[in-house]
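Input: structures, listed below.
Shared between the two complexes below is chain A, which pairs with chain B and chain C, respectively.
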Partner chain A sequence: MSHEKEEVIMEAKHVTRRFLSSDKEVFTACSDVSLTLYKGKTLGIAGESGCGKSTFLRMLTLLDTPDKGEILYRGQDITKLKGEKRRQIRQHIQMVFQDPSASFHPKMKVRDIICEPLLNFKRISPKEKEEAARKLLEMVELPEDFSGRYPHSMSGGQKQRVAIARAIALEPEVIVMDEATSALDVSVQKNMIELIVRLQKEKQTAIVFVAHDLALVQSFAHEIAVMRQGEIVEKLPAEKLVSDAKHPYTRMLLESGFSLSGSPEIVS
Partner chain B sequence: MLEIKDLCVSYGEKTVVNHFHLKLEQGRVCTIAGESGSGKTTVIRAVFGLLAAGGRVTAGDILFEGKSLLSGSKEEWGKLRGMGMSMIFQDTGAMLNPIRTIGSQFVEYIRIHERMPKKQAWEKAVSMLRRMQLPDSERVMKSYVFQLSGGMRQRVGIAMAMTFQPKLLLADEPTSALDTVTQAEIVRQMKDLRKENTSILMVTHNLGVAAFMSDEIILMKDGKITDRGDKEHLLKSENAYTGKLLDAVPVLGGKRYVS
Partner chain C sequence: MKRFKATKYAVFLTFAVCAILIILAAVFAPVLCAGKSPVDAELADALLPPDSHHWFGTDQLGRDVFARVIYGARITLSAALAVVAIIFVLGTLLGILAGYFGGIMDAVIMRFSDMMVSFPGMVLAIAVAGISGASIKNAVIAVSFVSWTKYARLARSLVAKIRHSDYVQAAVVAGSRQWYILTRYMLPAVLPTLVVTAATDIGSMILELAGLSFLGFGAQPPAPEWGLMLNEGRPHMQTASWLMVFPGLAIFLVVLVFNFLGDSLRDVLDVRKE
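And then the complex of A and B:
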């Protein structure tokens, strides 16, 4: 895929993050990671548990700070920002987590959950809340009367739709999704992917989607980065994943998935 | 050896399993697949006598080696669980006590079922862990749950479940919490158990894993069986729900939603 005509939204340059483990050893969770996000495109990141995917996402969303390297949002290094400036950047980068029941306040109603970011950034007045909630629910294909519900009375797929509604409320330029569909059934997952793809087309959002299932990532990402032990081992266009993947680790990941027609080679 | 006849289970007023039937022969693998809320977990919980509070069998019978499980006393269940049948849960870490070492719990488990000195039980546990290809099994015995990775925990779960070579192994989403690479390894190890003539009744929503391991796959929706058969049967099945489920599984090099 050539990126010449595409607009760069975010850029991670040589990002490194180290942690000190309990026995004073240095553990490198992300090592020299460089990735670019383009307007209206999805970057998929795949890798095993513990490969550093989530650490990288935490830095993208300003929940953590890299030890080395920089993260540019529209050319500005956001890792150095502090206070109000840092807060203002957050409205452009929103996220959806794996387990929506863990990320919602159990005592908040759906309308308060999805309108909280709008109120925090003073995009709407409290009076406009009901109307804003109705519009957002419509976008994620949930019935209007959900706005008065509590998270516990919804299914996993419905909760994840609410999480997406909250993430798109501020019309961010980047949405980061960390295993956003892993907790869902395959048919619900399929609906969710269709929703995400439709919203991306409408809003031209850049999406980072992290998952360990390569088949899932390649079904709707434009570009795929494979991560292992904190490093990006391979980066390639999603449509060429199966044909062009060269790195032995990518091949191994490709072969480890179970499909209905064939079984993984490392099993036999 | 396991026969489920026309089983109905209700939680309160709500029927969650409706006329379920199954015959499982020695050394065979059967998988129940379906979406959340389809009642698949309730079936194997009923077999293990572990229905959640409020759940009860309203009709039908479950026969294990010709004997009904529904009338079993507490003592009979105590003997059966562990020796006759055992269970692996989605997350073994949640099953174990977080403030005791793996070893102390494993030894306790062995000594509840069989009279033997602690040292011998310890050695038995270590050898079981080694058989599950856990490297450095002495260290695993001395570890706490949080010190082990997801794949290691599941291996500990399988090792514990297989200690007394039960005739029937029940597995509730044993690989759903794992990444694909670890999942492939665990699935391979479970498939190897067939060599020891263990029957497996597994619940999963991963149709790929189901197809790889099972002699028979049962698809459930809203408490009812919608389709059953081997892999070839399901791939060719004309059942609308089966088709919908298969279509939703992402396939490498398959359908793409963007260009």
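And then the complex of A and C:
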């Protein structure tokens, strides 16, 4: 792997997060996870449900704090930040949530949703909201008259585009996507990936894309990490995934995906 | 569907108009009573049955019962509304804080509220009256003291339900300040339920305060207060039933209107916007 020329944006070093379950048992959601994000590159994280992907993302976005290890944003450990400093860091790290129907205030219009981050950091005045919303909607290929609508009157794909518009509003250096396409139809998924790839090229954003579908991640990520039971079992450049994957779990994930080219084994 | 919606609004409007009429009656009591005083005694006219001059008759001191009932609405309504306003604001605030911040804040607020519910309202009111004297103000304080917990509990559970939802987390990631999340996300989520609870509570607070006054721990003579009037009329129940019938009827009607108002408000507010 050659990362010499690439600019490091974020780095997770030996991050561990444990939870105490109700019967006093310790459950380790993330164990010694170390990953690096580079400018303009996509890191895909694959693994089955409950493997600790989401916990890791929550720590990257400062929604949770690791028990051990550090998360560096441009060399600064952000897990120790408090209050206003912590809030200020948020403009560089944005997130797209998994369930588009649950990630918006039910009584906010699209324009208020996508301009909220801008208003929070006083990037625009309330008067400039309409104009900013129009630009953002254009970037995610939604008609501008959507700005006056409520998300619950929109389709899943449209909602997720609104979520992406909100995430790119602050022009963050890192966007974290937690199963951002898994709630969508396959055809819509493809459009969404194309949009993400285009936006990444334009803004040179580092993206962390988490999914349980290895094939989907592989289709556009630059590097892929496979997670299992809280640990990174294998980390590979995407183009070498099929040829170089050694860990039996990675191989299993590779083989478990449905494929159109394969013969219908289940039927026979 | 549309028709059902229209009916709901019609029902709500009907009771809202009734409630407003009651409040207007209290405000314009002097006009309604044509200058009759609710407190001036006229012993020569004592215990007159209802007639065209004294619509609801007179009491043992010759005071016009109609005037006393109308003026009574002032005390009863302002006291009940004061209680509801106090417990609504206090309970909602503490409940949202407990639910949002959790941890120590939650533990302190909720244990304090547990302590409060373990007092029967009446007993506490009697204690307060014993310490600082019986008055309508002290009754309001005593009732508020034990009643805010319901609002705190409701607000807390509603906030706890959405506290970790994606859209609140998304607001955090978007860099929202805590105050903004509390006022723009938490408050709107609890408000409809709590407003309905408050509206339904007006009726029960009227009853509670009237009960305290009846027992002598609330309003003091010669104030025209419905609970107190019931108590004053009690010795004359056999001979001058109007002394109890009209204040009782007033309590009954006002509580009924406010209860229905609360119920119809619930139906109206439950409609999801759009």
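We take it that the second predicted complex is superposed on the first by the 261 of 268 C-alpha atoms of A that agree within 3 Å, B and C clash if a C-alpha of one lies under 4 Å from a C-alpha of the other, contacts with A are read in each partner's own complex, and residues count from 1 in each chain.
As a working rule, contacts are C-beta pairs under 8 Å (C-beta built on N, C-alpha and C of every residue); 3 or more make two chains touch, one makes a residue touch a chain.
Since the structure is predicted, the reported quantities are computational estimates derived from the model, not experimental observations.
Q: Answer with first, second, both or neither: which of chain B and chain C does A:Q91 touch in the superposed model?
A: Touch status of A:Q91: second partner only.
Q: Touching A:T65, do we find chain B (first), chain C (second), both, or neither?
A: neither
Q: By the touch definition at the top of the document, which applies to A:H152: first (chain B), second (chain C), both, or neither?
A: A:H152: touches chain C, not chain B.
Q: First (chain B), second (chain C), both or neither: which does A:F104 touch?
A: second
Q: Report for A:Q76: first if it touches chain B alone, second if chain C alone, otherwise both or neither.
A: A:Q76 sits against neither chain B nor chain C.
Q: In the overlay, answer first, second, both or neither for which of chain B and chain C A:S219 touches.
A: Once the two structures are laid over each other on A, A:S219 reaches chain B alone.
Q: With both structures fitted on chain A, tell me whether chain B or chain C touches more of chain A's residues.
A: B
Q: Considering each complex separately, which residues of chain A are in contact with chain B in the first and with chain C in the second?
A: Shared contact residues on chain A (touching chain B in one complex, chain C in the other): none at all.
Q: In their complex, what parts of chain C are in touch with chain A?
A: Against chain A, the touching part of chain C is residues 165-167, 169-177, 180, 184-185, 188, 272-274.
Q: Quick one: in the complex, what on chain B touches chain A?
A: It is residues 35-37, 149-150, 178-185, 187-188, 191, 205-209, 211-212, 231, 234-235, 244-259 of chain B that touch chain A.
Q: What does chain A use to touch chain B in their complex?
A: 42, 48-50, 155-156, 185-190, 193-194, 197, 200, 212-216, 218-222, 238-239, 241-242, 252-254, 256-261, 263-264, 266-267
Q: Given the complex with chain C, which residues does chain A contribute to the contact?
A: 61-63, 87-88, 90-91, 93-95, 97-99, 102-107, 116-117, 120-121, 150, 152-153, 163, 166, 170
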